[in-house]
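What follows is a short report on a single structure.
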Amino acid sequence: MNPGAALSLRDLRFGYQTEGPEVLRRLSLDIPAGTAAAVLGPNGCGKTTLLHVVLGWLAPQAGEVLVDGRSLSQIPRRERGRLMALVPQAEHVPFDFSVLEYVLMGRTPYLGVLGMPGDEDHRVALEILESLGLAHLWRRPVPELSGGERQMVTLARALAQQTPILLLDEPTAHLDLGNKGRLLDVVAGLAGRGTTVLFTTHDPETASLAARFLVLMRAGQILDAGPLREVLDAERLGATYGVPVRVVEVEGRPVVLLDRGPAG
Amino acid sequence: MPTTRLVRAKAGFTVLLLITALLLPGCGGDEGGGPLSVTDALGEIVELDGPPQQITVAGRAALMVVDALYLFPEGRERMVALEMRGQNIGDFLALVDPAWSDKIVLEMNAGAEQIAPTNPDLVIAKTGMAEQLGPPLDAIGIPVVFVDFETPETYDRDLAILGTVLDAPGRAEEIRDFYQERLDRLAEATGDLADAERPSVLVIEYSVEEGTVAFSVPPVGWLQTSMVEMAGGNPVWTEASEAGGWTVVGLEQIAAWNPDQIYVVDYDGNSDGVAAELMADANWQGLSAVESGEMFGFPGDFISWDQPVPSWILGLTWLFTKVQPGLAADVDLMGEVHAFYEEMYSLDPAVIDAEIIPRLFGSLP
Amino acid sequence: MLWPLALALLLVLVFSLFIGRYPGPGFTPPRLLWEDELARRLVFSLRLPRLLAATLLGMTLGGAGTVLQTVFRNPLVEPGFLGVSQGAAFGAALAILTLGSGSPPLATEAIASVFALSGLVLSYALARRLHFGGWVLRLVLAGIAVSALFSSGVGVLKYLADPMTQLPAITFWLLGGLSSLTWTGLLYLLPFVIPGLTLMVLMRWRLNLLALHDETAFSLGTSPGRERALVLVGAVAATAAVTAVSGIVGWVGLVVPHIARRAYGADSRVALPAALLIGGIFAVLCDDLARTLLAGEIPLGILTSFLGALGFALLMTRARLRVSR
């Protein structure tokens, strides 16, 4: 795996229409290389938009995204594919691509415009499937997979891009407990090996399981950012979600609970 | 006593006068004819109060019906409105009728609402329009007579219908005799011909575009097929034609039939030009009709003579001279053309020479 | 993997060369080619170009159908979807009406092509101005609107046409047929079809990517908008040319991609070339029937619709069939 790259956002402003409401308002953020960072916030606060701006898919009206100090707009498209990979939230493709074909798509940044995957690319793809324990599914049509398997396969495709930065949009949103745990283990493992991971979630537990760095977002603004241990407290979370919460420590891990007032 | 009988006679005479005076208004408007009853082409009996004085011709192919109606002087006078689609017949009819421009022209696809303002006593239309025009006209109380005018048989029948409607049986008889005379002559000449004496004939419609090799043949039930048979030929294309309209056939099929003679119909008035082009076309060499030069353009004047308009009889006559030249040796085609226009449309020979003869096209002598 | 299919196409072509209506309906004995000059001329100047044109027609429609279904993520899409076929129909009807016979060579086809491409451009331009829904939906809506526009235009032209001469020509053309094709006609097809087919084949792997959501395709380093436009233009230009020559031939573009995907998998690397070959075979066989079954020509569009719809129904009710992998 490549050593991670640092991500910085400087004064980002973004709205879907030039005259319309701003979805992201003057965001600044610094994520160190090789960190797993979670963007936590309520639904509709602009997390996915933020991810798309970081990806370069949406162009901000003001401000810039910096990767290792370089402005994203200066980086040519081809290189970007080798720099950042995206695992989208829920992908529905109405065709029966096999798992292997699906993962091979991740090799695109290493092929010419009219190129097609070769033996080397097949090898990489199969290796990645192995590492995720999915090798036995390689010829199954993707639509026939369960939700959890599909999410893992999408992750495999992103991994096939072999990028120093990995972006995930609500990776555990539709997963049951078992799959959630498995996926987050992989994500944590990646960060451990040096990839910079940025993922969005509305679930505090997901953030605490996989991230070292936490960003709290609300209504298009960053309320707080920093090491997870410091930022994950009841007051700040309460401000983010607009409901009273309690944070308790269970076996060394912070657990977030909704505060229902005195018991009874 | 003698005075009483005289008085009675006078009284009786007065009563008779009174009754006649009462009845006369009832016959008002007639030119002597009483109520009419006519059976139209669909077998419907149409009751009219008297010979209609204002006639409107409507529906698809109305002009062809008008063309037939104009064989009668009464038809020309009494027609007030028509639906016009297609220019050529209109030009011809303007020649025949000085009052042509006074006729009301209906929009295409005129319905009962558009027909009613022309105040017709009778509407005449082709049988194909029966479903569309019949019920609405019925609903507003306008009588309608449907005619066919598609084949020689229906021509004969429908001319009689027009004769009844126009109260001009004498003229109808004249016209029918004109046609019948020629048909009889033809039947006499070709009726007994053995199969071997009948050349195989193909009639195709074809418009030239570079490199195109598809043509259409007419349906079996249409005029062209009967014309070929009556003229003493054998139509080869009967297996190909489905009902309804022209059917496309490929050159391969034509080569398989390999007819003795080919007649090219062109509705743009250039049939002999097209025939000549085909004869010169490389793809057509090897067909016997091309090698023997037996490829002809079907003639016409304002309109091709293969169409179901009155001039079809000229087309038939011409066809006879080509299909059975030996038997038709004494036929004077130009004389026939003159006779037709003089007797059928009362056109002056000078007018015929000036306006019609220059318009002739096709493989004519 | 596709060699058996290519071989099948070749066999079908050779076989079709020997069926027709001459000297009688059905099989033409090969020895006639030596003996009969007319037979020779018919086979080489008439049947051969027509068969090749049918092959190109089937390939183009099969390929364009695959491209459209993949790019729009919609397995129920046809080339006649963005106003292309309807635009071509309108252009041809207009040409027949205004120019009549004796028009300059292939003017009808040229005008039809112009209108077919304008249908695509209009759909695209309209889609960009819509404010409702995502891009794919907008394009679909715009395509429907433009198609309807051209269809009603055809209706108006038919209404105005002279029922004796022009209307039958328009009606027959709309039903679709190759009956009037010669070498010249085939030659006029090539400048559009060859580049279009080549482009589709070269981009066949990229097509897979275009089936993904835009952000994902973008994250993989593609320009989804540009690449989509490129492959679409190639597909539609080829379709327009073929439609202009043969009229509207439906269902091939819908059914053939499904057959190809079922037999060879969804990966366009294989499915696209397979669709080309299957489309070619299907079109040639339909055209064989069109010119041989009856003495008169059966419009090709009727046969492809009938067989295509039947095939589609059968396909959808049976279990999956996989030929390889």
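Chains: A, B and C, in written order; residue numbering restarts at 1 for each.
In this text, contacts are C-beta pairs under 8 Å (C-beta built on N, C-alpha and C of every residue); 3 or more make two chains touch, one makes a residue touch a chain.
Model, not experiment: these values are computed from the prediction.
Asker: Nearest chain to the global Cα centroid?
Answerer: Most central by this criterion: C.
Asker: So which chain is the furthest away from chain B, centre to centre on CA atoms?
Answerer: The chain lying farthest from chain B is A.
Asker: Report, in whole Å, the distance between the mean C-alpha point of chain A and the mean C-alpha point of chain B.
Answerer: So the centre of chain A lies 83 Å away from the centre of chain B.
Asker: Taking each chain's centre as the mean position of its Cα atoms, how many Å separate chain B from chain C?
Answerer: Distance between chain centres: 44 Å.
Asker: Multi-chain contacts in chain B: which residues touch at least two other chains?
Answerer: Residues: none.
Asker: Along chain C, where are the residues that touch chain A in the complex?
Answerer: Contact set of chain C toward chain A: 70, 73-75, 202-203, 205-206, 208-209, 211-216, 218-223, 261, 265-267, 269, 325.
Asker: Quick check on the complex: what are the chain A residues that touch chain C?
Answerer: Within the complex, chain A contacts chain C at residues 52, 55-57, 77-78, 80-82, 84-86, 88, 91, 93-98, 101, 105-106, 108-109, 111, 113-117, 139, 141, 158, 161, 167.
Asker: Spell out the part of chain C that touches chain B in their complex, as residue ranges.
Answerer: Within the complex, chain C touches chain B at residues 20-25, 37-38, 41-42, 45-47, 100-103, 105-106, 108, 159, 162-165, 168-169, 172, 177, 179-185, 291, 294-297.
Asker: Chain C touches which residues of chain B in the complex?
Answerer: Interface residues on the chain B side: 60-61, 85-86, 108-109, 207-214, 216-217, 237, 239-242, 245-253, 255-256, 266-268, 270, 282-283, 285-287, 307.
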